[in-house]
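Written out below as C-alpha cells is the structure these notes cover.
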C-alpha cells in the first residue's frame, strides 16, 4: 500500500482550514485568557477522548510554558487529569457529570471555562458549560464541525470550520500553541521562532 | 493589546511548514506502523513536556480510534502514562532513564519505537532510542528543528522542518491524525471527512 | 472538633480485618502472578474511582519496583492510565465498556486479569472480567464487602472481608505491597524491612 | 514456592505499625485539613513513585469522596497529575524542581501543603516543602522510616514508624481513608462501615 496521495490530500485539507480560521475570534479568546491571568482566576479546561490529552497539553503550555517566564502563573486546571476522580464520578454518579461535578462548589466568579468538544455536542462537556453559564462565568467553546450546541451557548469561540474530527483536533492544538507563542512574545519577550 | 497580526503570522508559518513536509518519509513510517499491526507487535511511544500528552494522544488514536473498527487492535504503549513509574525511575535511578528503563527486559524483536523530541536531543529520549537500536529494533524519530542526534540514529522520520517548538508540536499532532485518518480509510473504509 | 476516638476506632477496625485475611487465597494469587512473569504474559489491572489509582500503583510496584532487580520485567498494564482512551470509549461507546474494549483484540492466552471492585459489582469491571473468562483467561478478583458477582466468576481472590469501601481500598494496597515485598525477597533477595 | 509464612509475617508487621500510630498527630492534621476546607484554601499534595498514585488517590477521596456530600468542595490539587508539566519541568529545569516550580507564583496564604516522602529525604519533595515554609504556609509531612529532613521542617506529621517503604506506603493510604471516613461522618453524617 502506498499512501502518498492521501497524505497530500490531508495536508491540503489542513491548509484549507487554516486559511479560514477566524482571527478576530481567536483574538477575543486571548483577551479573555489575559484577563483571567491578570485577575489570578482559574481557567478550567476539559474534553473527551483525544481532547482530554489536548486539555492536559493546554494546562502544561500555560502553567509551565508561558509561566516559566512570569512572576505569577497561569492557573489552568485540566479536569481530565485526576483519573481517580473521573472514574469515581462516572461510576457513582454518571459519565455525563464528570466535569460539571468538579466545577460545582469550586468555580469562582471570574473563573474562565474552556470546553473542548469537536462536535460541540458531548453531553458531559455541555453540562459543565451550561453550569458555568448559569453561574455567570465566561465560556470558551473549542469546537469543530458546525460547533453544535456548545458554540451556541458559549461567549467566545475557537472553532475549526471542518467536518473532520482529526483536523478539528489538529487545529485545537494549533490554537494552543499559537496563543502560547504569542503570549510568550507579548508577556515575556520570548520569540518562539528561532533563526 | 491586539494580537491579530501575530495570529496571522503564526498561521502563515504553520502553512509554510505544512507545505514542506516530506511525504515519502511519512509514507515510510506508515508502512512500518502497518507492519507492526500485522505482526501484532507493540509500538512504544514517549516524549517530554507537551510531547508526553502527544504520546498519550497517539496511543488513544491508534488503540481506540482506528482499532474500534478492526478485529485485532494496534498495540501502542505510551511510556508516559503510568506517572508512578516515571516518578519512581526518575527519583530512584535518574530522569534520563525513565524511558530506557521501561524498554529493558520488555522490548521484543519486531517492536517499533516512536521517539518524540522536538529538538531531537532530549537525553532520556535518546537513551531509549539508542537502546532500541542496539536491540535491533526499528526507531521512528519524531522531531523538529534540525532533527538533532535522534534523527541521525533513527530509521524513519516524522520531521517538522521549523525552528519553533510550538509549530513542531502542532505538526506532530498532525502526523498522528493524518496517519490515523488514512488508516481508518484504508483499513476500515471509514472516511474522516464528512460531507 | 476532636477526632481521637474515631481514629482509634478506624485503626482497630483495620487491624481486625487484617487478622482475618485469607492467607491461602493470597498465596494462590502470588503463584498466578509468578506464573505470568515466567511465561512473559501480560497482567491487566483496572478499577474505578480510587481503585484506578490503586491499579496504577500496582503497575509501578511490579514493573518498576520488583522488576528493577530482575532480568526480564513484569508486564503489568493498567487500563486506567491512558485517560484519552478511557474518555474516548466512555464517550463514544459507553462507560461500562472502558475495560472490556481495551481487552478485546488484545488479550492473549495466558494473560492474567486483575479486576478491582470494592463492591464486586461495578458493571465495567464485571464486563471485562466476564470477557476474560469467556476467552479462557484466569481472573483475579480484588474485592471487599461480600465480593459480589466478581468474586463468583473469578478464579482467585484478594478479598477484604469488611463492609467499608475505605478499609477495602486500604487492604487492596496492602495486598500489593505485601506481594511486592515478598517477590523482592524471593526473586531478588531484597528485604523490604531495613533494620 | 509457598509464601504463607511470609504473608503472615507481613500482616503481623503491618498490625504492629498500626498499633503504634500517633493518634494526636493525626488529629492535628485533620484539624488543619478542616481549616483549609473552611477557608476555601487549596491543599497541594505530591510525592514520588508509588506516592504519586497515593497523592492522586488523596485528591479523589477529598474532592470527590467527601465533597460529594458537601456544599463547597475540598480543593486538593495533586502536583503529579499533569504529566506534561512534570515532564516539562524535569526536562527543561530539573527533576528536583517539579513540585517547587508548580508552587511558585501559585501558592496563596493559607494554602496547605501535604508532602509525601517515605524516606523524608526526596530532594524534589523537600524543595517544595521548604519553599512553602519560606512563604509561611503550613506543611504536613507524610513520611516513614525516621521521617528524615521532611519531618524536621514540617508543622504536622502523618508518620509511619517503620523501616519499610512498602508498609510506609500502606499506612499513607490508611491515613487518607481514615481521615476521609471520619470527615464523611462528622461533616456529612455518612458512616463508612455498613452493617
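Some points to look at:
Chains: A, B, C and D, in written order; residue numbering restarts at 1 for each.
Methods note: a residue touches a chain if its C-beta (ideal position, glycine included) is under 8 Å from a C-beta of that chain, and two chains touch if they have at least 3 such contacts.
All of these numbers come straight from a predicted model, not from anything done at the bench.
A rotation of 180 degrees, rounded to a multiple of 5, brings the CA atoms of chain A into register with those of chain B. Two copies of one chain, chain B and chain C, form a contact in which over half of the residue numbers belong to both partners.
Chain geometry summary: the mean Cα position of chain A and that of chain B are 22 Å apart. Inter-chain centre distance (chain A to chain D, centres taken as mean C-alpha positions): 31 Å. Note: centroid distance chain B to chain D, computed from Cα atoms, is 35 Å.
Among all residues of chain D, those that touch two or more other chains are 49-50, 53, 56-57, 60, 64-65, 81, 83-84, 88, 92. Taken together, the chain C residues at the contact with chain B in this complex read 56-57, 59-60, 63-65, 67-68, 70-73, 75, 77-78, 81-85, 88-89, 92-93, 101-102, 104-106. Only residues 47-53, 56, 80-81, 83-84, 86-88, 90-92, 95, 122, 124 of chain B touch chain D when the two sit together in their complex. Chain contact summary for the complex, chain C toward chain D: residues 1-4, 6-8, 10-11, 13-15, 18-19, 21, 23-24, 26-27, 30-31, 34, 49-50, 53-54, 56-57, 60-61, 64-65, 145, 162-167, 169-170, 173-174, 177-178, 180-182, 185-186, 192-195.
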